[in-house]
Amino acid sequence: MIRVQAEDFDAGAELAAFASGNGRVGGVCMFLGLVRDYMGDGTEVSAMTLEHYPGMTEKQLAAIETEARRRWPLEDTLIIHRHGRLAAGDRIVLVATASAHRDAAFESCRFLMDWLKTKAPFWKIEHTSAGDRWVEAKEADESQAARWNKA
Amino acid sequence: MKVLYFAWLRTKAGVGEEEVAPPAEVTTVGALVEWLKGRDPALAEAFADMRLIRVAVNQDYAGLDHCVGTGDEVAFFPPVTGG
Amino acid sequence: MIRVQAEDFDAGAELAAFASGNGRVGGVCMFLGLVRDYMGDGTEVSAMTLEHYPGMTEKQLAAIETEARRRWPLEDTLIIHRHGRLAAGDRIVLVATASAHRDAAFESCRFLMDWLKTKAPFWKIEHTSAGDRWVEAKEADESQAARWNKA
Amino acid sequence: MKVLYFAWLRTKAGVGEEEVAPPAEVTTVGALVEWLKGRDPALAEAFADMRLIRVAVNQDYAGLDHCVGTGDEVAFFPPVTGG
């Protein structure tokens, strides 16, 4: 399931509900991304705003989810991504995968996060004491995602 | 044709979205970029190095040689930074 | 933190509380292991019993946790492992890691699970329609864990 | 010396735990295994292939050449299957 929303989500409740009652699930892997209160250079971050491309976001996330289900035997998947203004400590993204086997759960969750970081049309602007600044894409994110092309 | 700009490209363009009617010979993303650059010095600057820009046609990633035409939605944006 | 217990745990509440309020955390990775209702050969499993070695379990889990914190810059770690009789669908294990970066969170969570599978002194006996059966260790688990020796 | 057995080894041994007092020349895990085999045919069978058995001395994994003595806690068990 894909959810793109401005509202906060309850990570605990999502995990409790996820894949619940499915006896074929042996492992659930979940990743929760949060707004850190500092940037790479140590500057304090009070808040950020996530801009996105409505329509394309949902389309790309659905495509990524379909690809994950093609690659691994998954019983369930969940992607929640927020947009709008977020304060330090706020939840940004949640990705969860459920499978009979822990390998498939771990790998597919990582795959979804890596692709989401490089393909889902979101852009962060950080609000810092030194002013607003668009976050630049990281080379490392591209190479993380590129790993999966070999598979 | 609808053209969209996101993140710092939106700031440069001064608008998030515009309806444009390029001449008939503009049939690719690349030609559209050149035509947009000719209309707006700020966009000419923003589009100076297209390696820094990502393009989507009808909400799918596309290259500069991708076809575009009337009714298409073409978006320009920097590399994404979500997640 | 290490918890070895017979009682169930609330995975949602654990996630909600984990690393909460720590502004240096950018990513939390969590793995939840559940009792599947079938075995590898398709036989139905109604329940299993997890035997463990009290004392050594806690000692080995603490050593694994210390090793993970030595290898990755972690803000927090949590391992909960149950023992005793568990029914199909029951929670068995929860591992969570929190770090500034998603790589460290993912990798350390995977590391903890791989080592736990091969080093923590737990043994499963499955209660099936065909009788009780001690689960055999999987070669795959050994090789998964061995990967980390190279690092 | 305290000796512990887990999982199917416990079933074979018939006990989970026993206090033993091997002779003074039993100073290693390997010697202890041989001495235990001599005392109990069921254990002799269980210990036939020591590659299938894991050993812990005082709750840390140990090899057959590890020293053991009075007051030590020695555990024998199959490869673990938790998680």
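A, B, C and D are the chain letters, set down in written order, and residue numbers restart from 1 in every chain.
Just so we're on the same page, contacts are C-beta pairs under 8 Å (C-beta built on N, C-alpha and C of every residue); 3 or more make two chains touch, one makes a residue touch a chain.
Because the structure is predicted, anything quoted here is derived from the model rather than measured.
K.L.:
Between chain C and chain D, which partner chains are common?
P.N.:
Common contact partners of chain C and chain D, which must touch each of the two, are absent.
K.L.:
Which chains contact both chain A and chain B?
P.N.:
Touches both chain A and chain B: nothing.
K.L.:
Rounded to a whole Å, what is the gap between the Cα centroids of chain B and chain D?
P.N.:
Each chain's C-alpha centroid was found; their separation is 72 Å.
K.L.:
When the C-alpha atoms of chain A and chain C are each averaged to a single point, how far apart are the two points in Å?
P.N.:
Distance between chain centres: 23 Å.
K.L.:
Indicate the whole-number Å distance between the mean C-alpha point of chain B and the mean C-alpha point of chain C.
P.N.:
Comparing mean C-alpha positions, chain C is 48 Å from chain B.
K.L.:
Multi-chain contacts in chain C: which residues touch at least two other chains?
P.N.:
Answer for chain C, listing residues that touch two or more other chains: 33, 102, 113.
K.L.:
Would you pick out the residues of chain D that each touch at least 2 other chains?
P.N.:
Where chain D meets two or more other chains at a single residue, that happens at 83.
K.L.:
Quick check: in the complex, which residue numbers of chain A touch chain B?
P.N.:
Residues 33, 50-53, 55-56, 59-60, 81, 92-93, 113, 116-125, 134-137, 142.
K.L.:
Under the touch definition given earlier, write down the residues of chain D that touch chain C in their complex.
P.N.:
Residue positions touching the partner: 4, 6-8, 10, 56, 59-61, 75, 77-83.
K.L.:
Quick check on the complex: what are the chain C residues that touch chain A?
P.N.:
Touching chain A: residues 10-16, 21, 23-38, 88-89, 100, 102-103, 105-106, 109-110, 113, 144 of chain C.
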